[in-house]
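Here come two complexes built around chain A, the first alongside chain B, the second alongside chain C.
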Partner chain A sequence: MNDEKNLQKSEVIRLKDLSFLQKAYVFEILKGMYTAISQIFKPKFTIQYPEVKIEHAASFRGRPVLVEENGTERCVACGLCSRVCPALAIEVQAGSTELAKERYPEKFEINMTRCIFCGFCEEVCPEEAIIMSSEYELAFSSQAESIFGKDKLLKSAEEMKPRLEFLRKNR
Partner chain B sequence: MPNVKITLDGVQYEVDQKKTIIEAARENKVHIPHFCWHDKLSAAGNCRVCLVEVEKMPKLAIACMTQVADGMVVNTKNERVINAREAVLEFILINHPLDCPICDEAGECKLQDYAYKYSKGFSRFVENKVHKPKRVEVGPHVMLDAERCIMCSRCIRFCDEIAGEHQLQFVQRGDRVELTTFPGEALDNQYSMNVVDICPVGALTNKDFRFKSRVWEMSFTDSICHGCARGCNVEIGVRNNEILRLHPRKNDDVNSVWMCDHGRLDTWKSVNAENRIKSPMIRKEGQLVEVGWDEAIAKVASELKSFGKNEIAVLGSAFATNEDNYVFAKFAKEVLGTKNIDFARHLKGENDTVLIRADKTPNAVGAEIVGVHPSESGLSFEKIIAGIKEGKIKAVYALECDFASLPGVEEVLTKLEFLAVHATNENMTTKYADVVFAASTYAEKNGTMTNFQYRVQRIRPAVTTLEQDRALDNFEMSRWDKFASHNDKWGKGPRRDARPSWKIVASIAGVMGTKYKFNNADDVFNEICQKIEGFKGLSFLKVGKKGAALKQTTFAV
Partner chain C sequence: MEISPVLEAFIKILIVVLIILLPAVTFLGVWLERKLSAWIQNRIGPNRLGPYGLFQMFADIPKLFFKEDIVPAAANKFVHSLGPMISLTIAFSTFAVMPFGDTLPIVINGVTHNIKLQIADVNIALLYVLALSSLAVYGITLSGWSSNNKYSLLGGIRSSAQMISYELSLGLSIIGIVMLNNSLQLDEIVKAQGGYYLFGVLPNWNIFVQPIGFVTFVVAMFAETNRLPFDLPEAEPELVAGYHTEYTGMKFGMFMLSEYLAMFFAASMISTLYLGGWQVPYIEYLGLSPFAVSLLQVGAFFTKFVLIVVFFMVVRWSMPRFRYDQLMNLGWKVMLPLSLLNIALTGLFILKPILTWFN
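Up next is the complex of A and B:
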């Protein structure tokens, strides 16, 4: 019963005594046309994605990548990113290397269906080895594809320069 | 022992006169930080982090070397102590490298913990740190990073006092002090890896476990080492359903806090090994073929029925639990009616003065007590082997024990008409077996082992088999285990279609017409406790984490 009453109440009450001009909506249409036409001559701020892509500021958090320097990853496989990751997206398996850093990631995998782009991994990294890139186009056609290994994650330090500089500045 | 009254942080305690302040505090659950002091080693008093204020003493005193006295008033938390502690930690950290990210000790490091809890949290040291050798293989199983060493000398004292071999020594002085072995010598005693456990920092690390996993990624399950009859209490470290390391657990009645290198390194690798028996197998046309459980059980039941009582011999196992052996002995007596029941002994070397026993099986005492021994007219192990040779014994059913590897056994096995074995891994015996059951290893089942001291100790499952579930079956869980979903690779360690031996035996008994009402290992243990003198009054709960001693006088063994 109550529901019916409420329904009746919420019905739109239309004016019944509209004049002819009002009924024809001519002024309303003209008003709308004016707004539309006036916008045509103003500068465009839409972007023709995907032909044109947005240039992001260095502070943008895209997918995490591993920084590669002098032919090897900076990462020492300490596992802190993996520990801090709230979505448990990162899996690291350390291995032993002859390099001075002693330890390197034998396997470094980020499950991109789990990643939430929070940037904690970047924040916790003691080596500035995992950082957020500006990449945001991540479409997969299978779950296996969504697991990014070192092949997809490694990016040279030069390529990541804007982000690295941003991080230095805001440390 | 005369007692004295001391006041610790304003609370009065009565303690033994012979104790030091740190022991008295520990006894009363007051924590005084310490690096060099270890309750199983002599006190050295060189780390200085246990400084406490003793009233009427002009300077702060180290708690590990100061004996308690009547009326002593000790402060462990006042400003003077806190300042001194901060200074000591800052001093220790001067030359300690900040390489926690690559250090295996991280996560279980005393220096990390204390720096977090008791230090100022920053360093005023701007000069260069002293550099020392890193990645030194100081022994076959131990890696040394001299830079990380804080000169507590625990490892040196361990080698001297416990292992009984003076293999490590400090050389140089001041900030150049360095831990090293004697020239041409290696840290290679049988207990060398205990220095890894007692090292409060990452200076001495486990070479076998090096970089394998972060400790916080693993789950740790209380269990028993099955390397010898001692049954050292251990924790099994597991990640991705794979054992990565063992380390000792404190039990003053059995192993104190130590374990031998053999137990730590060699006893668990067979659990992860490639040659695990992954499901039951039957020999068809000379080849072992994987089959379902029902088929293998039915095959063994029908084969065993076709032999006369005296033609069958059954072999229990000193590697299997009390439960396995009990159900097995019960099956042999009640269902098969054979008197030829015994198990193979594995004696090698001699008992040493620390932990290692000559008997290399974990449960020889238990197997015998729960009924795996020949009855009056039955045959013992040696006689069973002789019987096979003479053709008197035609069928053998054995629990998980590679008895074919014992001298003089392999060549007679071909004479058997039927051999059914439980096995965890492929071995000599499975080569001759007609039916092989995939038995759970000690790391995959619940149960008890009885060590040479007649002490019953629990093993708990740490690795899941196909029929178990980590969450539902009350396993220890790491953070990874808790949150793994079906599409996470790290949730999917290898699992085998293995079952505990007592369960397999009970299934065979069921097919042969005798139903055993055992749902789990608890049920079996409860029956053991009812039926077998000496076990009376025990339960899994009472055995607990540290085990329970059997009444030894009740056995004529």
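Up next is the complex of A and C:
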């Protein structure tokens, strides 16, 4: 009984009301070819990458950068980012400064061969000092080049404004 | 001064291979195929090398030459390298009987030489073409077997079954034309398509005289060339790459080349047998010199040729692959009866000449 039902189910399901022209197949092929040919004249989706680049939305997670404000970094070298980093890419060494915030990072290095662009550092940062930029072209020719120090990481707050606004709105 | 026939044939072979086949393979096969598939899929396609990527073959073909040639340890080495050679030799030799145009009158020292634009005007050309295209299955099956790989073997077996099934309807659909023309000579068949049909409106091409034969012939040709609705021998999702899974470098390149040549052979056969070959309709009303007419006819042949090649490529992107049983159903239950019907109808019309009323 059960087997019979299964057998009936596995029968090939075909539309019964196909007209003769549809069964003759040739005209259906011509219809398919018309669809294929009509695609030729439609706009293309390809972006000619090295010449044309996409403007990324503020939510895009590119390489992490340090925000620079009034000539110094916002970072107070608390080390939370380095703690939370799942890939152990961030190394922070704190030093003391005469400014009101008292602490600053003497050394701040991100090993870009280890970074996985997860954005945890940005999420955990109490000062909004480390944020994800929209840069994605990161090719190095040596290991030493892949370690980004403060010279490469610091970006001014005006430059990172879209991302900062995005974070304020969505966090 | 008389040109020796051997030298003449040799020069013709050089011209056909160097000026017609190689550019056709490189520009149509490599460039147009990739460009057209890209356009149909809303992409741009190769555009880095040369204007519109036209020199893409200078990147593609040398790459194949410089790749390492790997022969599997368990393969039958002799047959493994014989396979691509058979495929390529057969693919090239089918063009020997193709009429690219009528005679071209060339005046040398005041003497007019009528040069036939065909390498060899064999009087059993159709038989020769059918024999060679059925030999092509050996290249595929032998290479599939000798690779000692299950996917390759399955591809080879599928290809032989497919070719045998469709060879029948291919041969039978041509018989209608042979009955009408009483000739197996391709040149004669093209010349017979010169007049007009249906009160002198349509050109007397076999596509209008034999529409059923045309459809069966085109479908059988698709199956013979192993192109997309019938590409079971190399179905990627099922068989990795089918019979050429174990081939690298130029041996794979030879398979690719012979596949494209098979497609060009199919295109030139369809245009010769059914679309009037080098015939240009209504050209006699223009009053051109014989030399210009001859050149125009060659141009007409290649226009038809390129259009059919484009048709082949568009079909590739508009149809899914057949299932194996569907393939056999179509071959034996539809194509074979249709081509037999075509023969019967042609015989009927020859006995009771209804068609002559329209001429």
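Note that the second predicted complex is superposed on the first by the 133 of 171 C-alpha atoms of A that agree within 3 Å, B and C clash if a C-alpha of one lies under 4 Å from a C-alpha of the other, contacts with A are read in each partner's own complex, and residues count from 1 in each chain.
Going forward, contacts are C-beta pairs under 8 Å (C-beta built on N, C-alpha and C of every residue); 3 or more make two chains touch, one makes a residue touch a chain.
Not measured: the values here are computed from a predicted model.
Of the two partner chains, chain B is the only one touched by A:83; chain C is not. Look at A:91: by the touch rule set out above, it reaches chain B but stays clear of chain C. Judged by the number of chain A residues each one touches, B leads among chain B and chain C. Look at A:56: by the touch rule set out above, it reaches neither chain B nor chain C.
Of the two partner chains, neither chain B nor chain C is touched by A:155.
By the touch criterion given at the top, residues 76-80, 82-83, 88, 91, 94-96, 101-103, 109, 111, 113-114, 126-127, 143, 147 of chain A touch chain B in their complex. Across the complex, chain C meets chain A through its residues 36, 39-44, 215, 311, 314-315, 317-319. On chain B, the positions that touch chain A within their shared complex are 100-102, 106, 134-135, 210-212, 214, 216-217, 479-480, 483, 487-490. Residue ranges of chain A in contact with chain C, taken from their complex: 26, 29, 32-33, 35-37, 39-40, 42-46, 48.
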